[in-house]
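Please find the structures below.
Both of the next two complexes hold chain A, though its partner changes from chain B to chain C.
Entry: the complex of A and B
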């Protein structure tokens, strides 16, 4: 390919959005409607983004089914986060939630309905009325296809707003100037390999999570932490990466997600002795305790020999008592998934499940306006000029140590919109494009062109990727300890060091997916390093990070956010415990 | 397990060809996508196809499998006759291997204005909709835009630019049937004429192949019925 950077195509936009899931599309819609010039770059056609796979729903205190208000939602989210979430961002999100849902409804999302014509809401884990009282029903659902319904409606609204899409373009790296301003990104068209420099006054990363870090995952193959990798290479640390959510009910050994809504509708878990196991671990909330609690419970049952099946390596999710009508009406998607992948109809027989890698609580640090923030001297959170992040790739942090089910769709919509609103404001004061140094572009062009030459390295992308996923599964799973983590650090470091020897056979410029996978692996590797190092360092148990050698939460030493960067390794910053307007929720023992 | 896979890279191939692959130790219950990924990972990284969610929700991996369009990720290899013949979806240009150019398909999707139109002032809460009204959307809103249906439709093959095709018409129906939508008249009007909708000859290939079990032919019938009622 052409290495003459003067020949590289350049496009100029007010805002570049990387990623076309719910966060990116909510932001692009807001910006397009403000008549700004927006480019959305996505490595897949927008409706293939992983938001499409979200099932159970989106939390908002609409009080359509049970009494509710945003303050209770806030309490549940703070408690769910194991007091690592930033309470200003959580207050903002929970207050904004009802409006976010109504907006979606107005965009056309086909929510399920109640007899009175209002949006249907179901019970989900970790939800309570009145600050820890009775179970709440706060999750707005479109059957068990809520993500699909939302993503398609958002894409449709963007068609109406005539948003400019770069479908099937891969973003390689952010472009920065000496003063640290982010000026856009270098991308290439997957169809023909052509490189394009997209110059933008503001750039929003909305690239989703990194569930491909693990061997067994509910996540799509595209979830390779691309935005997180790009941020790290731009010198930005990743925050709280040790907090990775394992969903209690992935199909055992296969990984397909079975929504928490299945338990919200009345399903429950049983162990090999036929006991309702959650009664022992969460006497009150039982199967609707927080995900970290339920996942640990299942892992303990299996470890102590009370699993199901010939190898006693999973438990069962029982739904058959709900009746075929409820299952077909409320859970048609997971019913189909079980029939397709297991040959089991959950209306007749229980589903084998096991905790499965699901959600990246950590990510690119931002404030509640979506601005990416980094420590500069004595300031822990200094905005990076021109750079924003929202959704799973970001860490704002509303999920802290453990995300509540139904809060991720909410996160992407609220903060996709908030970031767009801040961008609109920023653009009023920053009207002109800054100059990108040719040397900056040249460096990335050379990186892309590396694969044009015949490569003779000894490593394959698939080989390293599979090794990495296996190591992460074995060394950074539901339960962790010093020995396992230290071995994990050494193994991930050694796999990462072999990246330079990667070669691929495909030298074509036409839809070269092997090349895309190589860049994805580079991103995944960065995220893996941040995750395993952060996990190794945190000597306490909080949320999804459970240490068998440090079994208690240690608020004195560890109620702080981890930051991991290539340049400085580990660093920490305080949790924002002060909400916007209400009293702070101080840390308490977490009982469900 | 034996596979015969359509290969074409316009940079080096004058014409498409079939390449044979063999996979050992294919476990029962293995989906076709998993088999293709193994071939790509273990034998040939140049084999190109789209994929993402791996569970039939994102619609990326539509392909022609032993002569029938379907999603590779939810097609079990156990049921497939060998050698498994895998080709790109028919009727649209091939970019490379199993990857087709879907521009025409998306263009037809956009042509039906696939978004809710409400002209009245919006309430501060949700627009009301009864469960019965909402039920009208079942079987319509679940489409994953995989293009299995439209690329199985002879009417779409002959007139991909004039006939909207089953996928786009299913979307049209999804908004026509939505009790909240206020563009009903215009939507029906826009579908008049000999091609856009009326090129559907109820061949029903779309119904046969839809991996989500949807019924575009029925949706087209519902639109026709509404057109008749409207013209009376």
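Entry: the complex of A and C
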């Protein structure tokens, strides 16, 4: 690997985009079509980004199936966010949604159709007509593979528009100057370890979520919060990280999601004593109670020693009473997943389940133009020159305390495009590259080269990572109170302090995945610190952040965004309750 | 093919995919099954890795069956290691 920084390859672009999921590719397409010189760096081949796993669909008030308009969509999103979402950004997103869908259609996404030829829309939880009235049907889908269709269409469009791709390159750190301008990033080629400095007038982080923080997660291995870690090391706080969405029924120890449809068809949960547990926690709704209630019930059963299996660390989802015909007809995907991964046919035996981490609501703070914003003196949201973020790694914040199904694909597309539009404007006024100080590059080169030397560090990447994931699952998952969180803070701090002793066995430069995993762990560690500190401090229950010692939402003290940075620890800023053009939705109890 | 040879291929990185199900099935196979593959089976495995994620998922979860006997064989081998 290069040690002389004069020998390090340098490339110059108008914009550098880190991450090639839906958010990154929507932005790069907009920029490439504006004839800007745009580079996309992705650690995996672009069509292997996690957007490919989004099955459900994308919300837009097209009114093809039920009466609908963007204002109702906005109301549902504000209410769903438990009033922590920024209402200007939410209005912007809901207004832009129909256009985002039609654009995708023109890019070649094969949306499912109604008999009359219009785009089919399905009903999802949390969607209403007329501000909390009847169920709306707002989600546009391309069968059960919407994310796959969007990602492939956007990738093809980018190839046509001549976007420059750095496939299988890993971005290590952002490069900044003394005045705080972000000037690009240092990356290396995973194939041969070669370092490249990508100088860019603007940089967009679009690296996705951080589900790998938890032992049980639905997220792919690539979801290690890389952009969030890079931002934190560049002095930028992370916002609202205590809000992490969990799904109650993931396959225990594996994470894959068993859809609510399984309980909808009559499946129910049992504990180690064979007791139907939800009868105690939600006597009326039982197994169909809301996600957070079911998740906490499972966590309580396990904590109190009524779990199943040799370690009593999960409960069972029973479906066998439904009969093979019903399961094969209505839940074929679940049956196949259980047979493949567990060797269990749910028609014959129950499925071991535990709450699984699904979606990062928090992230890098941005405004609705995708600009990364930080507090400076009395200004809570001062843009960082040259830096943008979009998608799950960003917190714009449209999801607030809780994301609605169908709003995540919408978020990445609307704000990927909005960020690109702002970049185009910014570049008209900022035409030249600023100079990067050699010392800034040298520091990151040395960090990368650290793993070239054979060291005798006492810690392994896999060992620390597994320990971190276990601690986060035990101390920052669905069951939170002061004692558990404070213990978690101490444990995560102690694991983070051991990072400096990490060594890797492989010093080669060819496909050295051990080196990549070490940098991914560094990113996860930063995100873990932000998450557990923010959760420990927020003394209320709101959205996905639910505490047994502070069970109510406290708008007076806590209707504000958390910010956590290495430099300043915790800080807060107000929620933007004023929309762009309509009246605010004041906080009300979130009852469905 | 020993562990060192496997590490010098890009298999492990090619098994980093957009879906958790694929990550688990493919990485497990690289740990447990790749060493014993014949040259022909290795070529089929490499071809399989070039497929889009959704196609891979359909094949590996048994929702679709490949008409290529060599791919069919490798899919069977991957599925046989899936409980570990």
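The criterion applied here is as follows: the second predicted complex is superposed on the first by the 488 of 592 C-alpha atoms of A that agree within 3 Å, B and C clash if a C-alpha of one lies under 4 Å from a C-alpha of the other, contacts with A are read in each partner's own complex, and residues count from 1 in each chain.
What we mean here is this: a residue touches a chain if its C-beta (ideal position, glycine included) is under 8 Å from a C-beta of that chain, and two chains touch if they have at least 3 such contacts.
The model shown is predicted, which means the values in this text are computed figures rather than measured ones.
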Superposed model, chain A: greater residue contact from chain B or chain C: B
By the touch definition at the top of the document, which applies to A:479: first (chain B), second (chain C), both, or neither? neither
Return first, second, both or neither, reflecting whether A:107 touches chain B, chain C, both chains, or no partner chain. first
First (chain B), second (chain C), both or neither: which does A:70 touch? neither
Thinking of the overlay built on chain A, is A:566 touched by chain B (first), by chain C (second), by both, or by neither? neither
Chain A positions within both the chain B interface and the chain C interface are 44, 47-50, 52-53, 145, 148, 152, 191, 220-222, 256, 333, 336-337, 340-341, 343, 506, 508, 510-511, 513
Chain A partner contacts - residues on chain C that touch it in the complex: 7-10, 12-13, 16-25, 27, 52-54, 60-63, 79, 82-83
Residues of chain B touching chain A in their complex? 9-12, 29, 31, 40-42, 44-46, 48-60, 74, 76, 95-97, 99, 102, 106, 110, 113-116, 118, 122, 124-131, 133-134, 137, 141-142, 144-145, 175, 178, 180, 213
Inside the complex, what are the residues of chain A that reach chain B? 44-45, 47-50, 52-53, 101-102, 105-108, 110-119, 142, 145, 148-149, 152-153, 156-157, 159-160, 191, 220-222, 256-257, 333, 336-337, 340-341, 343, 460-462, 466, 504-506, 508-514, 517
Contacting residues of chain A [partner chain C, same complex]: 43-44, 47-53, 145, 148, 151-152, 168, 190-191, 217-222, 254-256, 332-333, 336-337, 339-343, 506, 508, 510-511, 513, 516
